[in-house]
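Across the two complexes that follow, chain A remains constant while its partner is chain B and subsequently chain C.
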Partner chain A sequence: MHSFGYRANALLTFSVTALAFICAIASFSDKFSNQNPSAEIQILNINRLKKQSYGNDEVSLTLDISADLQSLFTWNTKQVFAFVAAEYETSKNSLNQVSLWDVIIPDKEHAKFRIQTSNKYRFIDQGHNLRGREFNLTLHWHVMPKTGKMFADKIVMPGYSLPDAYK
Partner chain B sequence: MDWQGQKVVEQLMQILLVISGVVAVVVGYATESFRAMMLIYAGGVVLATLITVPNWPFYNHHPLKWLDPSEAEKHPKPQVVAKKRFSKK
Partner chain C sequence: MGLVGETVDSIKSIQIRQLLTQAIRLGMIVTSALIIWKALICVTGSDSLVVVVLSESMEPGFQRGDILFLHMSKDPIRAGEIVVFNIDGRDIPIVHRVIMVHERENTGEVDVLTKGDNNPEDDRLLYAKGQLWLNRHHIMGRAVGFLPYVGWVTIIMTEKPIIKYILIGTLGLLVISSKD
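What follows is the complex of A and B.
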C-alpha cells in the first residue's frame, strides 16, 4: 500500500471480486421465488393441410394462445423467451418438435397475454406423416437472468390432432 | 504514507467495499431493483476510492523515525572482507 498505483490496483481487484460475489448472491436469490406459470392453447382452425410440391406435408393453423408467465419474473430477470412447439412421434423419428410461434417478453407487465394468430413459422413434416396425426402443443420458456444461469421449463398440452385427409 | 497508515488503508478499503456490497444486495433485494443494487455498490466503490487511494495527511501521523545523520557517522558500517575459499575436490 506504499504507493498510489498499488492502492488503486488493490481496490480495483477487490471491488471486482466483491462484484462477482454480489452477482452470485443475486442469482442465488432466485431460488426463493415461487413460480407457478400457466398456459392454455386452443386450435381455432386448421387452415390447410397439404403436400408440398417437392414432397413434405405442411399444415397451417390458427392458434389461440393464452398464458400467465408473470410469476417467472424476479428482480434478476432480464427477459423471458417463450415458444410454442408441436411435438409428435412418427415411425421415422421418435420425437419431432416443430416451433410454431415465439415471443420475447421483456417485463412482467407483458407476461400475461392472450393472442390469436396463425403459426409464425411453418409446420412442415419430414415426410407424409401428418394426416390424422395426434400431437402435443408445448409452451417452452427460457428465463434469462441479469446475472447467473438461464433455466428453461415447459408445459405440455396433449390431445390435439390433425385431419385425416389433405384439405 | 507511513506503515501505520498503510495498514489502516488496507483494512478501511476492505471494510468499505464489503459493507457497500452487503447494503447493495439487501436494498436491491428488498426493493426488487437490480439497478438499485448496482448503483449503491458503484457509489460504495467511489467512496472507498476517495477515502483510501489518495495520500491523505491523516495517514501520515506516525512517520518513521529515521536515524539522525550525526548519530549514523558514529557507528560506521562494518566492512565486508573478501575471503578466498579453497575449493575441495
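What follows is the complex of A and C.
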C-alpha cells in the first residue's frame, strides 16, 4: 500500500485531475466577463470590379476599419482572431461569406485599432453576380483561450453596395 | 534493486487463477475506457472527439502538441469557424479556419475554403488535385475547446514508437505484479 509504484500512481492521478479541474474553472470564469466590443467599417474606394477569364467576378476594394475589442480580453485569453467578411446573397447561393481581411490580436493593447487597407484576400464570387450587389460587412472575432472553451461573435454592418457596371 | 526484486518475487508466486483474474480486470478497465470514448463520440457527433495539433499552421493560437476538442452539429458551416477535415487520399486530419463559404439556395450544400492562420496562402494547394472546395462530408468537426501541451504525449509516442512499447510493457508488468 505504500510502495513507490502506488504512491507515484496516486500522485499522478491526483495532479492530472487537479489540473483538469483548474482548466475547467479557468474556462468557466470567462462566462462572467462583461463584453462590449464596437467597430466601424467604411469603404474608402472600390478599386476594381472585373470579370475574370474563368467567368467569376472579382472585386478589389480599400477599407477603413476601426474597432475596439479591448473588452474581450480576460486573464484566460491567449489571442483574439478578428476578421472582416463580406456577406451577400445571390440567386444561386442563399449565403456567401468571403473573408476580406484578418488580424491576430495578441493582447489588450493591440485590441483598439484603426487601419486602412485593401482587401487581404481576393473577393471572388462563384459566378458573375456582383454588379450592383448589396452586401453586409461583418466584423467577426474568435477568442482563443489559454485553456478551455473558445467562443465567437460578430457585428453585422449592412448597407454596402457594389457598382452597377464593371470598372 | 529492491523494486526489481519485489517484482520478480511476485511474478514467481503467481498462480493460474490469480493470473486470469488480473487479465479479466485489465480487460474490464480497457473495455470501460472504450465505452466512455465511444459514448463521447456519439454525444459530440464527431468521429474523433479530440485531435492533436501537429503543424505550426495555426500559430500563435494553436501550437504543436495542443489538443482540440471537437463537436459536430447540424448547424451550417460559417466563416471563421475552425474546422477539422480530411482530404481524400491523406489520413492526417487538418485543422484550419474557414475563410469562404458559398451555401446553395435549395439544397443547403456548401462550398468551403479554408486557410491556416499562419499560412500565407489558402488551402487549395492542400486539397486533392482539381478540388477547389471542401464540402460538408469532408469536415469531421468544429474545434470548440482547447488544452495546451497535453498532446505532446501522442506526438512523442507516434514519432518514437519505442516509448510506446516501453510504456505499455511497464504498465502490463505493474498490473500483473500487483497484489490486489
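One rule holds for everything that comes next: the second predicted complex is superposed on the first by the 166 of 167 C-alpha atoms of A that agree within 3 Å, B and C clash if a C-alpha of one lies under 4 Å from a C-alpha of the other, contacts with A are read in each partner's own complex, and residues count from 1 in each chain.
Methods note: contacts are C-beta pairs under 8 Å (C-beta built on N, C-alpha and C of every residue); 3 or more make two chains touch, one makes a residue touch a chain.
These numbers were taken from a predicted model, which means no experiment stands behind them.
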Partners on chain A (chain B, chain C) - clash or fit: fit
Contacts of A:96 with chain B and chain C, given as first, second, both or neither: second
Touching partner for A:7 - first (chain B), second (chain C), both, neither: first
From chain A, separation angle of chain B and chain C (C-alpha centres, steps of 10 degrees): 40
Touched partner set for A:156, first chain B, second chain C, both or neither: neither
Partner chain in contact with A:21 - chain B first, chain C second, else both or neither: first
Chain B versus chain C as contact partner of A:44, first or second or both or neither: neither
Touching partner for A:146 - first (chain B), second (chain C), both, neither: both
Touching partner for A:121 - first (chain B), second (chain C), both, neither: second
First (chain B), second (chain C), both or neither touched by A:76: first
Partner chain(s) touched by A:29 [first = chain B, second = chain C, both, neither]: first
Superposition-derived comparison: chain B or chain C, residues of chain A touched: C
Superposed arrangement (fit on chain A Cα atoms) - minimum chain B/chain C Cα distance in Å: 12
Interface residues of chain A shared between complexes with chain B and chain C: 4, 146
Touching residues on chain C, where the partner in the complex is chain A: 3, 6, 60-62, 76, 78-82, 97, 99-105, 111, 117, 122, 143-148, 174, 178
Interfacial residue positions of chain A with respect to chain C in the complex: 3-5, 23, 27, 78-79, 81, 83, 85, 91-99, 102, 104, 106, 121, 126, 140, 142, 144-150, 152, 154
Parts of chain B lying in touch with chain A, wherever the complex brings them together: 1, 6-7, 9-10, 13-14, 17-18, 21, 24-25, 28-29, 32-34, 37, 41, 45, 48-49, 52-55
Chain B-facing residues of chain A, complex: 1-2, 4, 7-8, 10-11, 14-15, 18-19, 21-22, 25-26, 29, 74-76, 146
